[in-house]
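Submitted below is the structure of interest, expressed as structure tokens.
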């Protein structure tokens, strides 16, 4: 079963830089927005983390390919697909489209961070998987 | 005649700070988003500025009152009302609501900035007023 | 005695918008940066809030005047001055300069937010004043 | 010869998210800040692009590994190293450190974007290489 989540977003002036196109870190911000919008359907990140004794479902790594520039007032579609549940990682693929055109793609690898004896450690991802009804 | 424009927006995790509430500069970013979303109905800021020989319909001053904290996944409503067209200024009022609750209000005073002999100067606002069909 | 705090900052490309100048919400972000940099000298916002049983020294209102546009690589100076300690408010004035030129000024009114029976309430500001050695 | 550029930056409250750590897209923003700070030594991005008939030295792809969380008031060091000049790409490696600890690493692949008949195209990177005195 492929789990996906998507949402619409209109690029605003303030998302863009002096070249007139989207400032690229904001595209990662949209990946993160899509992930949290998905979690909202299960109570949201804060409630989920409280349930699981975690401080966050945060990033271990991320990458993106920027295929076409996006500009103010572009109506974009953000789509997230769960690629893989690892023992201590969750891998998510993202695609950004404007109409039929793919403008950016990317991947996030997230961990379920918990307080440990020597600072924050990555916990078992199965806890999150169960919490969102996918285990 | 009262000119208003509004849009919906879902607060995301990344809009918020370590206190768990919206980082306040982002609320001004939503005012700006609402203004540009309104201009999008007339071709957008870039096209309008090109038509008018301007570099931007930018800020001279702004203020806001923060009445209630907003949090991730709050579904907010942004509403803009034109308060006044001055000779060289446009004054806009904003209201942010979550359901029936007003969470923030504010005001922007914008100028129509044009290239001058000694740098950027504020041009006649009537040009923008005509361009958006309100003169 | 006038309490002031200042810091230097170089405007970066990503702070600026398609008009090539600083996106105005970021200027409020610099006010906030200056305030937190001042608190860092007393252990930082998180430690202070923990000591005082507060969730944040957050905003009740803010305003700014934007006098000159700022651009990428401008070396700015941010200066904060404490204007007034009220019973439940702290009023702070800010000035942004590039060389001898004042580019923006503004004011923040902050409260010391604490958990109350019906949500967050503004606590006595004297607690913060004492904590930073000014009472 | 290894070309590197580095700068210091203090993490601010507004860079961080409800988990109390840096919101990850901002780390890419710091990569971009370091790149533009390097270009500032050659007149800055705007002047260089004007000279080269380009609209921007923008992103084709980027990735990062997040090794340790960063928090408000962490004093970080950003270091950029040029890894490779391709025919139409420039590959840059980044490292973020707090004291002796590496907190994040990453890579940007940039193109020199120019106006083409059918939109923006990637131009010869040798033009930028010469402009910064490395050819």
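As written, the chain order gives the labels A, B, C and D, with residue 1 at the start of each chain.
To be clear about the criterion, contacts are C-beta pairs under 8 Å (C-beta built on N, C-alpha and C of every residue); 3 or more make two chains touch, one makes a residue touch a chain.
Quick caveat: nothing in here was measured; it's all calculated off a predicted structure.
Q: Tell me which chains count as touching both chain A and chain C.
A: Per touch definition, common to chain A and chain C: B, D.
Q: Write down the chain pair with more C-beta contact pairs when B-D is set against A-D.
A: Per the contact counts, A-D leads.
Q: With centres defined as the mean C-alpha position, give me the chain C-chain D separation in Å.
A: Roughly 28 Å, centre to centre.
Q: I'd like to verify one number: the distance from the centre of chain B to the centre of chain D, where each centre is the average of its C-alpha atoms, in whole angstrom.
A: 31
Q: Measuring centre to centre with CA averages, how many angstrom lie between chain A and chain D?
A: One centre to the other, that is 22 Å.
Q: Multi-chain contacts in chain C: which residues touch at least two other chains?
A: Chain C, residues with two or more chain partners: 13-14, 18-20, 23, 25, 29, 32, 45-46, 72.
Q: Mind listing the chain C positions that touch chain D in their complex?
A: My answer: residues 10, 12-14, 20, 29, 32-33, 36-37, 40, 44-46, 71-73.
Q: For the complex, give me every residue of chain D touching chain B.
A: Listed in rising order, the residues are 13-14, 16-20, 23, 25, 72.
Q: Note which residues of chain B are touching chain C in the complex, please.
A: Result: residues 18-21, 23-26, 28-29, 32, 45-46, 55-56, 58-66, 69, 113, 120 of chain B touch chain C.
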